[in-house]
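Once you've had a glance at the structure underneath, I'll fire off some questions.
Chain nomenclature is as follows: A, B, C and D, assigned in order of appearance, with residue numbering initiated at 1 for each chain independently.
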Amino acid sequence: MIDTIEAWFRLSAERIHEQARALTVLDQAIGDGDHGINMDRGFTAIVASFAAGRPAGESERGIAGAMVRLAGRTLISTVGGAAGPLYGTALMRAGGIIASSEPATPAAEVVVSALEAAIGGVQGLGKATTGEKTMLDALRPAVTAGRTELEAGGNPKAVLEAMAEAAEAGAEATIPMLATKGRASYLGERSIGHQDPGATSAALLVRAMADVVADD
Amino acid sequence: MTTTTTTMKKLINGVDDLVPESLAGLGAAHPDLVRIDAANKVVLRAGGPRAGKVALVSGGGSGHEPLHGGFVGRGMLDAACAGNVFTSPVPDQMEAATRAVDGGAGVLHIVKNYTGDVLNFQLAAELVSGEVEVATVVTNDDVAVQDSLYTAGRRGVGGTVLVEKIAGARAEAGGTLAEVTATAVKVNANARSMGMALTSCIVPAAGTPTFELPDDEMEIGIGIHGEPGRRREKLAPVDEIARMLVDPIVADLQLERGERVLAFVNGMGGTPLIELYVAFNAVAGLLAERGIGIARTLVGDYITSLEMAGFSVTLLRLDDELTGFWDAPVHTPALRWAV
Amino acid sequence: MTTTTTTMKKLINGVDDLVPESLAGLGAAHPDLVRIDAANKVVLRAGGPRAGKVALVSGGGSGHEPLHGGFVGRGMLDAACAGNVFTSPVPDQMEAATRAVDGGAGVLHIVKNYTGDVLNFQLAAELVSGEVEVATVVTNDDVAVQDSLYTAGRRGVGGTVLVEKIAGARAEAGGTLAEVTATAVKVNANARSMGMALTSCIVPAAGTPTFELPDDEMEIGIGIHGEPGRRREKLAPVDEIARMLVDPIVADLQLERGERVLAFVNGMGGTPLIELYVAFNAVAGLLAERGIGIARTLVGDYITSLEMAGFSVTLLRLDDELTGFWDAPVHTPALRWAV
Amino acid sequence: MIDTIEAWFRLSAERIHEQARALTVLDQAIGDGDHGINMDRGFTAIVASFAAGRPAGESERGIAGAMVRLAGRTLISTVGGAAGPLYGTALMRAGGIIASSEPATPAAEVVVSALEAAIGGVQGLGKATTGEKTMLDALRPAVTAGRTELEAGGNPKAVLEAMAEAAEAGAEATIPMLATKGRASYLGERSIGHQDPGATSAALLVRAMADVVADD
């Protein structure tokens, strides 16, 4: 699991760097034009932190969870804006779930639970719910799809693929939404017709996980 | 997305040097007033923490200068945390600032109401909880945004400057954390603002204007992050524009004939002073029509959106208490009087 | 001529209302400091002429705000005459101002060295000769222009602000007309400036930019009238630009290692403060390299060219006398300290 | 003579108003972009002052001279910039010559002498000489051509036509000049290649006089 996590962060960082301009352009339309810049800075910092070696831990899951928690702390310390605390807290909560998971629990199941916890962190802090045109509109469908696929007995690749597709669809579904949270809400009706940058980056992250798992 | 042909013309070295070098310049220009903690991108009042004085910490994304770093000094802020352009600073910065200025009487965090600012200050407060007594005031004076279930709440804009000045005076005068907080809350409750833009601005790391505005249009109800406003209108004479800003403010504050206000006309960064005084003249005329007295004034670039052209109006209902704290000595890079 | 597509976006009512309404706004914002003679477009210090005090009168085209009207008040100017945008005022205005402020101790005219300003002030002095004792100081601190047979002489730019402040302090301290004049001459002799532009600006009555500047070029050696400079260069990092401005100043002033200066970094009107402090940081670094001490600083928009983006650097060689008068109390709309 | 002078001011005001934009554009290139605006304001004021009636005077020449002096004073009081004092003083000097001229002196001779005096006023104040890329480069050739034509016995129309042509040629001849006076001098070499706005307005004024006389 450690290697998967590291590969996920590396692939995410790469894609966020590639998509930074696109994310910023989305944020220019309904925000303040910094989302890509902010995320790029944060994920670059996460990857840079890997050079310091892996965190100490007793078990594979413990170390993997600690890595994710540390990555969350790195986001909080480097991203700023709304996305920093939200994604940072999300990763810290997810890391906690991973670290405390039983070795016997299947990895895909842990991923879904971790994302559930992550969403709890985002909601606890940001007080948003789905339909408000935020990252939650990508994350919540992902977790629902993952849980469904898990219950249907899907293999890890299928679970992750279902999550990624749901996240991407969710991000796209933010286009017609009226924003009622975050900066985009200041625009009122004018927020309609644009895809939410945070939902877009969220879908990118879930897609990166699916691709890493698919490559395994 | 509109494609754009505008190239970025800025007085900078690298894009990443902008904030650190600007802070360094502030420190070099005002060594008697401020000290720069470069590692944390924090502007600290020179001379270290004042024992027994409530300390005021603010901060936010850069690009709003002189807010907040230009307001550090006697009678105003003790520290200001600078984020990247239009990006709230991170909790580590506010933690460092809070610890650095605490004089034992507690620290007031003054936070503009944006999701990012609120969350990062909240995490910072958690980081020092149990060690430093922290109170938080969230400013939300922008009438362009409804404070409702359908928004992230009204934005903190021009009123923030007044909160920092007046709460700072109360702290300087020996107010307790509860008292200073109460004063800040009172200023915020009695201040309302609204702004407009003639042009967008360019976030340096983005390199293109945040939005494109046709030559004959303007944005009404903007914030301070180069973002579009509540609505787009055809360009109009400034007398009409001033009315579009003053009317909602007066209505929201329920200002009555005979009341006295502080009238603050703020430039967004790219508007020349000659125009700002024309705007002030228009605002003064509208207030006179309504029988509202102008007891104090502030005209200039105090809370900006990079090089955006435009202005905002802030009115603060005054009573003797607030007037007295407004008049109290202040000595910062950007505001100075009676000292 | 390059044809242009830029429309004028300004916060104005009619083009002809700009100067009168801006003056009215200045008066409305600072009734404690200034009084507006609307008929003559003159900003007068509130409270009428000071018996026995030498009075200082300046003026020039509008578009340079806060210069000059923003410098009327205690410890600086007694009157400022406002011309149309970039057009020197007419002698009748200077005559009215001179008569209005004369307190019996004589009047110093502070005139920026442009043909129009010099001639109009000269005619005004003739109009009051024999009635009011008038001395004239012509400021010419711009090193971009050679003071030679081949030019109208060096232009008066940033140094003018320092002349007005320091000569104003000398007058406030009871200096005679000869003494105040000598101080003004001394400041001008020890001050040098140079400026640059990233953009042009639009004279409202003209409606189009004075010049067109490609997206990757800048003008070096500009004045304060939106005009092109001595040469056009490719855009460069601000550290390099600062060097292009500081080197000629230091050379012309023959500043030596160990000398102390007032370093004044001035915005041209459209440059945000965050960038101005980056420019100041660059200037401070260059002076440190040369072993020149920065004893006093001024950073902000004090002598502008409408909404032009760019900045100028002014260095003034300081001695104890000039430092003392610089530090003396001043209370005007745009400069205030120690009071 | 009074009617000719009034007609001259009216025609000049009309043409300056028409040409204001062109003069301003010339001034944008090597000055500060206000020459047309300034001249328009001044000549509009002159015409407006006519509504107050003609100045008192004993003789035709006396009244004509007083009108020109008053117009000069009006320019000084309304134009500002370099052009205001220069043109204003020029007219005041010219008016003095007209007022003190002998009734017997032919009008064309008075016009040439008046322009000579006007040039003296401009030079006394502005300290420029020809070849410095100023209004003098239109005015001086005009007076020389007028004097030559007079001495050759030319009639008034011929004298004025010669003056107008010389002024126009003089204005055009400023194009290759390096400015060494006025704002354009700040540009150094960059002043070369542009026609001087003041020389252009000066030629316009002389041309207007020639056209008024030609229409007589």
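The rule is short, and it goes like this: a residue touches a chain if its C-beta (ideal position, glycine included) is under 8 Å from a C-beta of that chain, and two chains touch if they have at least 3 such contacts.
Because the structure is predicted, anything quoted here is derived from the model rather than measured.
The mean-CA centres of chain B and chain C are about 28 angstrom from one another, to the nearest whole unit. Separating the centre of chain A from that of chain D, both taken as means of CA atoms, is a distance of 76 Å. With centres set at the average Cα position, the gap from chain A to chain C is 55 Å.
Counting only residues that touch two or more partner chains, chain C has none. Annotation for chain A: no residues touch 2 or more other chains.
Chain contacts here run in a simple line, from one end chain through to the other with no loop closing.
Here, these are the chain pairs in contact: A-B, B-C, C-D. Only residues 1, 61, 83-92, 114-116, 119-120, 122-123, 144-145, 149-152, 155, 203, 205-206, 208, 210-211, 223, 225-228, 230-231 of chain B touch chain A when the two sit together in their complex.
Residues 24-25, 28-29, 31-34, 37-38, 41, 76-86, 125-126, 178, 180-183, 185-188, 190 of chain A touch chain B in their complex.
If you check the complex, the residues on chain C that touch chain B are 5-7, 9-14, 17-19, 21-26, 28-30, 62-63, 65-66, 70, 198-199, 215-216, 218, 235, 237-239, 241, 265, 269-282, 284, 294, 297, 299, 301, 304, 306-307, 309-311, 333, 336-339.
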